[in-house]
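Structures given as structure tokens follow.
Okay, so chain A shows up in both of these, paired with chain B first and chain C after.
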Partner chain A sequence: MAEAPAFAAAAAPVLEVRDLKVHFPVAGGWFQRETRVVHAVDGVSLAVHPGEVVAVVGESGCGKTTLARAVLGLVDATAGEIRVKGAPIIGLDAASLRAHRRRVQMVFQDPFDSLNPRKTILSTLAQPLSIHGIVPAGEIRREAARLLDLVGLSPGEAFLDRYPHQFSGGQRQRACIARAIAVRPELVVADEAVSALDISIRAQILTLLQRLKAEFGLSYLFITHDLGVVRSLCDRVVVMYLGRIVEEGPTERIFTAPGHPYTAALMASCPLPDPRLARARKTVTLSGDLPSPVSPPAGCRFHTRCPVAQAICGREAPPAIELGQGQRAHCHFAADAPRWQAGAGPAQESKP
Partner chain B sequence: MQASPLLRAEGLVTHLFTDSGRVRAVDGVSLEVRAGEAVALVGESGCGKSMTALSLMRLVRPPGRILEGVVEFEGTPLLPLSDAEMRRLRGGRLAMIFQDPMTYLNPLMRVGAQIVEAIVLHQKVSAQAARTIALEALERVRIPAAATVLDYFPHQLSGGMRQRVLIAMAISSRPSLLIADEPTTALDVTVQAQIMQLLAEVRRALGSALLLITHDFGLVAEYCDRVYVMYAGQIVEEGSVFDVFERPRHPYTRALLRSTLGPDKRVASFTTIEGQPPSLIAPPRGCRFHPRCPEAMARCASESPPRFGLGVGVAARCWLHAGDAPAGREVAHG
Partner chain C sequence: MSTAGAMQAAEATAQMPVIAPHVPAWRIFARNGTAAFGAIVLAVLIPLAVLGPFLAPFDPSRVNAGPPMAGPHWPHVFGTDDLGRDVFSRVADGLRVSLLVGFGAASFSTGLGVVVGGVAGFFGRFIDDLLMRITEIFQVIPRFFLGVLLVAFFGASIFNIIFAIAILSWPEVARVVRSEFLSLRARQFVDAARVAGASRRTLIFSEILPNAMGPVVVNGTLLVGQAMLLEAGLSYLGLGDPSLVSLGVMLQEAQQIMRTAWWTTAFPGLMIFLAVLSLNLVGDGLNDVLNPRSRER
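Let's turn to the complex of A and B:
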């Protein structure tokens, strides 16, 4: 994990998303007569390569969860393409969609909501094992116990007949992970999978995710707002703001040399668990709230809150500026990033 | 140490008498907050930190009950006060901000009316004067178009704006102490930074102290002067943020800090603390952390360690320090 990811461009991606749009109609206006459109995901492209952990970060309303749901086939795409191992998943018939669901599994934030409280862990695990024909019916119990051992609920046999309420939060998340890997997926979409957990339990689950990745050659699409986790777990980062990607690149580049003012603001807002570093750094505080995704700002969507915005930003959507090593920022002034980060921007504030 | 602290708790014990047993949520907690300083009470969920805050404010509801201890605020013992006297203090000199502002805002009442109500209750001013004070408070927490917001209902505001309104209510009476229980946990990280910086600014302007209840070591490092680390109903370590982050004395603090991931560095392999926090119905004998402690000794399983003072304002509840503590500085609590 520590070494820089050296993914050969040749390796076919496990997941490829191209120009994905997911729009939701919402009723509004007097007597709910008007129909308006939420541009939840508005032209997103990304790829996850075998063995890679890609983070999608952003604040609530940026579209990261909708993106995850589209990849899982849980919401319909309005436009664009999603391919898993080269095969398109949009417009699949029921049988092909089932095969897709085996290849892409999910782990959600709340392990309390994602396990059926009336089912034992055995029956929760037995269902995907039999639907996808992973093992013969006679071996399901043994396989379920083996899976629980794998995720650290051992001896697995002792946990099989328990109900979710008999588990702690960390144990439940382990059970969810066991269910996800039961069908031997290629990609696991983790939506805030460790966000609700306490520090000591979170470290245990992250260790588990790392181990499973190495053992089974898994790839992760890791949806999160927790930048500390991103830096330590993920190979590449995609930063979203109001339905669009504002920046992407290798983790170390994104953290040490962000090319988009929003990325820089996210980094600067994230509390540092080091009293000396925290007191030494300058903080850029973004003003205002997130604009509505029903009517996103024209031009660059971030310009209404951007500390370095110029007139052009309100008129023209910025192109992707290549910054080297696969880092790309959608900002008219990405090439000037070192300068505005050094405090040359007009609206920098130092921390009180 | 300085004269008398603004807030002092000594040997505080609050238990919850539930159907499944007696939960020892707060079990001999002593802490103090001095005028103007920012103090963190940090710990994982279920360690008793919120129950400690509620006990300090005397907001414990059944099945919870404060059983023992002393709480002094501005020299006045709080536990013997009548409910009416306590109500006058709360929201006055002693204010509190909670995690979920919607729980504490009346959804059917306009924002302005709610702040005015609180001000009239505590400051004996006319409704008209209270409205002026409310407007000033909203402007101080940098709510744009504050006069318009006075006429809004809470649902018309974003989460960050609601938290600002709650802060405005809390500071309208110029409290000397603000107790904030996870005030930014429900907010996005850029909004969290806005709110925390706003709190720091408001505190500086009013000279108020802060007791921040949190699970986030990042917020502790960034915004607090001193910290108390809580585990299983007890304070296990205390010190300045520099002491605790740079020289943690308790194995639990050390393990937590090693497990804390920050955006400032890449951690190649995660340090984990095995197991999970104990049940507070039947906490482990001896040191409550000993079943998970990598440095546990025979004594830890049988004898509860006292608080060992290790310098000015620095203490740890751990037998590893039995030899370090200056003679006569052992102070046993609980």
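Let's turn to the complex of A and C:
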């Protein structure tokens, strides 16, 4: 996992997002003249190649869920492009959007909220099967049972006529995964798919996802804030901050040699199981809160909280700086990363 | 054991089909003692109302069926009124009319409220604003007086009474349904259906509406009781359907003789009380059954 899969560059990406912007207008009061806008996703580009697992990480409110919803067509993009297998999906009519949905599926965050409580598992699974005509009507029951067997709910037949409230959280999430793979998608977007689960169940679900990936040649876009999950499952990591990508690269590089101070702080916030290692680690604690996405800071969005910020950071948005092996950091000082990580930050003289 | 084997074993143990039992609806309902009481009372009252003409010992409109103004005695168990009509037979008949008005008005207003509230809640924005302003106009009018006005204007037929009561009650339903739709629309299972490719119609009728029905049904049972009271109030003011005996009409007729013949008002009043009370209790019980929370956890 140290390097991106060699074939990734060659094959056409399953998902390509280019300069995506999703803005939400905030309803002002009656007397407020100007309409304010939340810049939930503000110029994000990324690609997921066949067989690849890409993680999108960042703290709450950084726009990662909005990004996922835009990819699924659940929110309208304000600007930019989303292509699935080269075909644009923005501005599609209902019929073409349905066809698109066959290729991209989603596993939702909360297994207690993502199954209709009034429907049996059979009718939940039958919905995508019959809408997309995956199997003839007479075989839906058998196919649904097969899907449940695939995700480890076996014998599937025993689960078909049950309601979600009869299941545990792990069983529900397995059923949700069965629904996602029912239409034979190429890309599965998992939005915090394991964060609501117990730690033991979490490992099982991750194992299941890995098995299904190998079995069906799936690609995953894994939205999460759990760095442990990222490390165990993902090939590449995209770090988001306030609607923008701050850094992306192969998982191992992001963990061991982050090129952006925010990534470094994020990695440092990840608890280590060994107290000796934890004590030896230099902690980078960020001060302050996430600025409002309604009026994001000018220049580099992270400069208000950055431990190494200089005057330039408040003026100019940093370009993407290539750090090799496909790692790119959006920081003016990315090239100096080893130096400021060693504690000799260039910021000391200019900090107030 | 190899690691892969251990992993598989770990996965397998967790996959034993441990499925919680499905609790039947009646059992959840019966957990609530007062609701069960209400259901039993209704189980007596509704057959009495429906089968009234067959069960009643006398023709409800027959004058001099017994001695006038006689207290409860056999065969006139609820006594007789000033014209010698059998109060029990009239109560059974009146209950039928009252329940008809109650259920009629409740289903009419629920239907209208579900459509208006559902459309407003699902589509939101401009449509929502428009429909909710209309709803509010109906809500700020004092109900009873608009009822009096409508019935006085269009005539006191039973259909007009049902219509008037329904017109007065739907805004409540519309608001309940709208808020249910608004919150359900954002639930993950609705998004999941959208991702599965469901059409707008499927989203409304198979994902959102079934989950919004709980409060609607509960509100509906409460509406039946309210409509019965409203009808009794209108009838008491002399605005009841003159060709039919309802419990309210009986109360109005017995006004003059209330002091000397208590049974002529006590029994119709008791029927209204019992019917409305038990409908409310049943509503509470249904709330338990239809609320998915009562099954979960």
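One rule holds in what follows: the second predicted complex is superposed on the first by the 334 of 352 C-alpha atoms of A that agree within 3 Å, B and C clash if a C-alpha of one lies under 4 Å from a C-alpha of the other, contacts with A are read in each partner's own complex, and residues count from 1 in each chain.
Keep this in mind: a residue touches a chain if its C-beta (ideal position, glycine included) is under 8 Å from a C-beta of that chain, and two chains touch if they have at least 3 such contacts.
Remember, predicted model here, so these are calculated numbers, not experimental data.
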Partner chain in contact with A:R231 - chain B first, chain C second, else both or neither: first
First, second, both or neither for A:T207, with chain B first and chain C second: both
Which of chain B and chain C A:D274 touches, first, second, both or neither: first
Touched partner set for A:L286, first chain B, second chain C, both or neither: first
Chain B versus chain C as contact partner of A:D198, first or second or both or neither: first
Which superposed partner A:T251 touches (first chain B, second chain C, both, neither): first
Touching both chain B and chain C, residues of chain A: 168, 170, 201, 203-204, 207
Residue ranges of chain B touching chain A (in the complex, touch as defined): 44-45, 144, 158, 160-161, 188-194, 196-197, 200-201, 204, 215-223, 241-242, 245-246, 255-257, 259-274, 276-277
Complex contact set, residues of chain A against chain B: 1-2, 59-60, 168, 170, 198-204, 206-207, 210, 225-232, 251-252, 255, 265-279, 283, 285-290, 351-352
Parts of chain A lying in touch with chain C, wherever the complex brings them together: 69, 72, 74, 94, 98, 101-102, 105-106, 108-110, 112-119, 127-128, 131-132, 152-155, 158-159, 162-163, 165-168, 170-171, 176, 179, 182-183, 201, 203-204, 207-208
Footprint of chain A on chain C - complex, ascending: 7, 10-12, 14-15, 17-22, 187-189, 191-199, 202, 206-207, 210-211, 292, 295-296
